[in-house]
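Next come two complexes, and both contain chain A; in the first it sits with chain B, in the second with chain C.
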Partner chain A sequence: MIEVLAAGAQATVQDLGRTDCLRWGVGTAGAMDPMALAAGNLLLGNDANSAAVEIQVFPFRVRFTQDGAFAVTGADCAATLDGLPLMPWSAHRVRAGQELHFGVPQPGRWRASRAYLCLPGGVDVPMVLHSRSTQLRGSFGGLEGRALRRGDALRAATSGADFVSSDIGILPPALALPLERDGCPAMRVLPAAEYGRYTQASRDGFWRNEWKITPQSDRYGFRLAGEALRPEAPMEMRSHGIVPGVIQVPPDGQPIVQMRDAQPSGGYPKFATVIEADLWRLGQAPIGSRVRFIETTWDEALDAQEELKVWLEEAARLIGLHRNSQGAA
Partner chain B sequence: MSIDEPLFSVLGTTAALFEAPGTAMTLETQQRIWSLAKEAQDWPEVREAVPGMNNLMLSFETPPRRLDELERRLLVAWREVRPLKLAGRVIELPVTYGGDGGPHMADVVAHTGLSVDDIVELHSAPLYPVYALGSHPGYCYLGGMDPRIATPRRKVPVLSIPGGAVSIGGSQTGVSASAGPSGWNTIGSSPLAFFYPDREVPVLLQHGDSIRFRVERIIR
Partner chain C sequence: MTDPSSDLAARICGWLAGTGIELFELRGPGTLIRLQRNGTTYTVPPATVTADVVRSGSVGVLRLAHPLRPAPLVHVGDAVRAGQALAVLQLGAVLLSVAAPRDGVVRRILAADGSTIGYGEPLVELE
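Up next is the complex of A and B:
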């Protein structure tokens, strides 16, 4: 249904991740911004977990080879369809031959770094180990286990003929549910097992200081730069399971936040974990930008997760209402 | 903190981590971890029970409201579990030690004060039981490495080491199954692949199986 005309590096097919193969050494992969993926799918009437194209290097350009529909969410990339500008976070009908272009992420109220292209019924690639997400390290899932390149063709699972809304959009969760600290995008964090083994100055500094996202940051992990975190004494850990969001501290004291392509185990001391409910915020933070961390509690973290669930349910309800009114018209 | 008591902690709201007491890694403790994993896998809030090295991660289907209840249940189960003895298969792997395939051999020499020949002899002597899988698809964490060749993980992780790399991280050793980032010291290489994504059980080796390293060649 689409043909890739121009792809920057690292565009991949992702769903919400492969969450049940950790015991075989298989990390979850999955969308860096699961809220954007879920919202794009809801705009098309898809299951929230349907696979989409995650784009993180721009420009990116595709041609539709059949009539259908699509949705764009995530970073505002000044997307155009045959040269006509599209609203961010919107879904549209499309005719065979039309070209969709993503430019560079725009500065604005929400500066983000990853865009999602959703198709009716989801991108139709084989399910491998219960997910369609690309597992780059294992070279499976997604399209042939690799990033997309020019000339690739991707099918939508359904035709999109039942997509009747000519234009429908949604407010990005970053604007609907903002979280900042002193003007800096922030994420809530739960302390992890070795937190108490760092110096008081390091623990205080972690919450007080801004952390810069270095160029050595990708889907595997975000390497942060700031005031080094110092343990009271060196630690050598036994390897154990880890998950996206875990903040590890190698001996140089500069923390690494595990992201969606993170390996499922590790052995560096773990200082804290960005809660799942806020990991999408970090997943959208551009390289070179700064973020802050806010200490939270177990109950608050669960409430934050519930808040996202409610937001998605409400979005699905409103989209459903819109679709029914359009269908009846 | 005490190392005589098990340690319970959370990894955000996604998972909890149970760490067996002690700092040494023993097979008996690992066999109890396998038992604990088997039991916890059936608990309603647990999506997956994932053994690590003398520890166990429980990823959540739904995170429990009451963490203290889960912690208590884990501690009680840990007191009661008996070692799960598994006699799996033995795989022999040919290894070329040192040279381009073992770029950090010099660091292990520098840290341990041993010669390359000593390190190879100590590394290739044991039959290594697979304690757990992790790191990347199909990767096996092995128990039983001689503590004399233990070498701390690297200060800054290497962005990519090749598949088949034989490496040491702290008191552990293992073989990478595909290219990727690593904080371990690579001392050799082996021609190897044992992950099959199309199979229902995609791995050749699981906990309870064993690996023996055969010295193919030493590049000094």
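Up next is the complex of A and C:
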């Protein structure tokens, strides 16, 4: 239903991820901003886990080859449909031949770096190991296990002909559930296994200082720059299992946060872990921006996860009410 | 697209005709219908567009800027295209676009940012 006319590097098909295959050494992949993916899907009446296109280099342009519908969420890229400006985080009807254009992310009230294009019923690519997410390292999932290229065609799982809630939008969770420290986007973090083996100054500094997202940051991991984290004594470790969110510290003391395409194992000391409920906030942080970390507890991490679930359920309920009132026409 | 609420309002007018009710209000998800007795008939608020005035098709809190953006969606004097969002009505987490019914130029903004809007209220004047 869409043909890719112009794609920057590394636009991929992603759902919420391949979460149950770590035991076989298969990383999770999945959307860097699962809240944006879920919200876009809810706007179309899709399952929250339906696959969409994640765009991280702009501009990006597609042509619709059939009538239907779509939703745009994530970074506000001043998207236009045949030149008509679209609201960010909204769903629209579309006719065959129309062109959708994503420009560069706008500064606005939320600095974000990745946009999502959702289609009715989700992007129809084969399920591989229980997920449609692109596994770039293993070259499977998504569209032929690779990033999208000009000329690629993607099908939507359903036609979208029954989509009645055109021009409906949703408040981005970054505004509805903001989290900042001293004006800096923040993420809640749990101390991890080797946290106690770092100097008191390093532990204090980790929470007190800003961390810059360096250009060596991508879907695999975010390399941060800041005041180096120093262990009390050098550590030699065997490789062990790691998950997205784990903050490792290589010998130079500059931490690396594992992201969605992280390998499932690694040997650097684990200083801390960004909680699952806040990974979307980090996943949207642009290169060059700064973030802060807030120490949290296991119980608070579970509460944060519950808060996201409740927010999505309420959004789905309100969208459903609107759809029903429109559908009665 | 016909507005379902105007059909409903017309039907309610029929039911009200034989009563002494002066003012009738119906609230539902995304809908507010207010009918006022006007002599022997009831006045139905116009559905979405009358002449050059774009009216609300829903209740909600008016946002002249999208919450993500510092600048208003349109300014007086802007040329707009049919379907373009002129403003947003917010109902909880849901944001409904107040779309231009045709190509035109924004002549006046008729309601204040942040005000609570009822069904059929005039919002934007086009020329």
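Rule of thumb we're sticking to: the second predicted complex is superposed on the first by the 329 of 329 C-alpha atoms of A that agree within 3 Å, B and C clash if a C-alpha of one lies under 4 Å from a C-alpha of the other, contacts with A are read in each partner's own complex, and residues count from 1 in each chain.
Just so we're on the same page, a residue touches a chain if its C-beta (ideal position, glycine included) is under 8 Å from a C-beta of that chain, and two chains touch if they have at least 3 such contacts.
Everything numeric in this text was worked out from a predicted model, so none of it was measured.
Of the two partner chains, chain C is the only one that A:87 touches; chain B does not reach it.
Within the superposed three-chain model, A:16 lies out of touch with both chain B and chain C [touch as defined at top]. When the two complexes are overlaid on their common chain A, residue A:238 makes contact with chain B while staying clear of chain C.
By the touch criterion stated above, A:277 is placed in contact with chain B alone, chain C being left untouched.
After overlaying the two complexes on the shared chain, residue contacts for A:264 are found with chain B alone; chain C is out of touch.
Put chain B and chain C next to each other and count what each touches on chain A; the higher total goes to B.
Shared-chain residue A:322: touches chain C; no touch with chain B.
Applying the stated contact rule after C-alpha superposition, one finds that A:197 touches chain B and leaves chain C untouched. The residues of chain A lying in touch with chain C in their complex are 76, 83-90, 106, 108-110, 167-172, 175-176, 311, 314-315, 318-319, 321-322, 324-326, 328-329.
Put simply, chain A touches chain B in their complex at residues 19-27, 128-129, 135, 137-141, 145, 190, 192-193, 196-197, 216, 220, 236-246, 250-252, 256, 263-268, 270, 273-277, 298-299, 301-302, 305. Every residue of chain B that touches chain A in the complex is listed here, in rising order: 1, 7, 9-15, 17, 19, 23, 25, 47-57, 59, 63, 65, 67, 132-139, 141, 152-153, 155-157, 159, 169-172, 177-178, 180-181, 183, 195, 197-198, 201-203. Residues 1-4, 28-31, 66-70, 73, 81, 83-85, 88, 90-97, 99 of chain C are the ones that touch chain A when the two sit in their complex.
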